[in-house]
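Letters are used for the chains, namely A, B and C, taken in the order the chains are written, and counting of residues starts over at 1 for each.
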């Protein structure tokens, strides 16, 4: 079971979701993939999740919760894409996973818990459904007959910063594989060259590189790209040939 | 096993406590409920713990450590309340759990470890005792014959902020169920109305609502209540009818 | 399995390393000892790790990753010291563990993964090797015939702050056991006396004490030593008799 949320690890949210999973699927291992996905931003999160989920083997179950307004209307969904399962809100969070999959099928969740709080569907709805899938049960819902949960208008890659890591490196929503090998990235009044990795450059030099999960990432050798260049989630960039 | 501490997750404290639990009870699952309980504040923590512990099933074992002066005098205690176990310092941390329980019994811990550090009873004393209880052993101590570990003078509900979460929402020490349905909360020169959940209100509007664990919580739709209203742990509030 | 990194817990790095461990050694328990070791600072980290690793039983496997320049040249190593295993970069991170061990042997890692990213050896190289050791396999490499991974010039104890914890307490790289019992520590224009623990002193008084893992640590009763004294990782201190 793999968790992808904007809930943080410290407070009660991640812990209560894990308590549900451990109770319903004793002995299951739970991975915190991201607990600091872009807060309330399913669009940026969608590009991040698609890049990182692809690294996991088929059969993996992702419990993904990133929502802007707590308690708003959106269908709760389940998605099976290239053999991996995804459970969470139908607000675009799984759009890029679904679009890039060779094989995908999605369901609206019909199952209702005995008690559904207004503000914590992660614990009351999504975690139990993820646990059911982990136990090998059929998806408790009906196949999506429409595209209400899709975001066809979103681009295939996103020319924005979608995540800033612990070290200040700034991930973009661009897959490095779609960029020409000599492509440069213009961001914050700088034009950055590509490098293989940090240590190929002198200290304090900003550059971009293909990170270990295939995203174009902006970094500074022995520095912090976020502070040095003023990058935050949402900062736009341009591809320069 | 459920952990409730003010130790954080990053440093060595939570990890060493978990190492003791895994060594003494191999295969046990450990939930981080709160690792950022109000620092050194057992009173605020007591109202938070009582609200969140009630969500867990009977048989759960809580390892709770929140202490103001490290190494000071207070009895180490065990409590069984409504079928749940609690192990930690007898400084009031479990007062509200005990007071609200239909059935409760408490013990002073008599067991002594081979080596007891002056500053880390969580690892050396409380974690091993929690592990003994998880293995089904009898509580290693004697029934509390007095009320030295109780805090009879504390109110049944606390008119203060007791926790600020990852999103800036501010939990109070008030159970929503004891408030009249039309009650308003006065805090930081504002008088807040009750709402069902975030998305029922326009963006940037502060309100209070019953959170998913029954506490009255102050929030701002698509905003941060802590920054917008200047709320911190300890901020007082008033109930206005 | 015990993790000691500067990766943080929130982002994708710790989670992906744990995913490798769970996949290769199902059911293994994983302890986060430090996820906030001194960033990019293997020297400070080495004194911290040596103090904390000694608390764990023989047979423990440490996965340690702290590196200054990502992707730079250094041998990947395995070390067995007093029955505990260590896997990570040969950049001095394990120097103090090895030096203080009664019995130690080290290996260069020869094993190569199918796909080795330029920037995430923790996931692609070190985690799989730690998993092999956890499964009881022989160390996949050759015994170190040289001292290229050693740091003979580093002192036996480090007169610097090596870690600041969640509460603002500042750990030094000095083992308390090597200090005269009446030793004082001069730091930030103050000369600090030794105490047994926090509550032995009036509030707001800075002091030093032997922490629960044997390091000399600077603290302030009911205060934060980092803020009150201006201490950060790397701050120098002196032993005054």
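Here is the rule we use: a contact is a pair of C-beta atoms (placed from the backbone, for glycine too) under 8 Å apart; a residue touches a chain by one contact, two chains touch by 3 or more.
Everything quoted here is computed from the prediction, not taken from an experiment.
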#### Entry: Partner chains shared by subunit B and subunit C (touch criterion as defined above)
A
#### Entry: Degree value of the rotation bringing subunit A onto subunit B, based on Cα positions, nearest 5
120
### Task
Tell me whether subunit A and subunit C, two copies of the same sequence, contact each other through the same residue numbers or different ones, using over half shared as the line for same.
different
### Query
How many angstrom lie between the CA centroids of subunit A and subunit C, rounded to a whole number?
31
### Query
Which residue numbers or ranges of subunit B touch two or more of the other chains?
8-9, 27
### Task
Mind listing the subunit B positions that touch subunit A in their complex?
2, 8-9, 27, 29, 31-36, 52, 55-57, 163, 165-167, 196-200, 209, 211-213, 221-222
### Message
With touch defined as at the start, can you tell me which subunit C residues reach subunit A in the complex?
### Response
6-16, 18-19, 22-23, 26-27, 39-40, 68-73, 117-120, 123-124
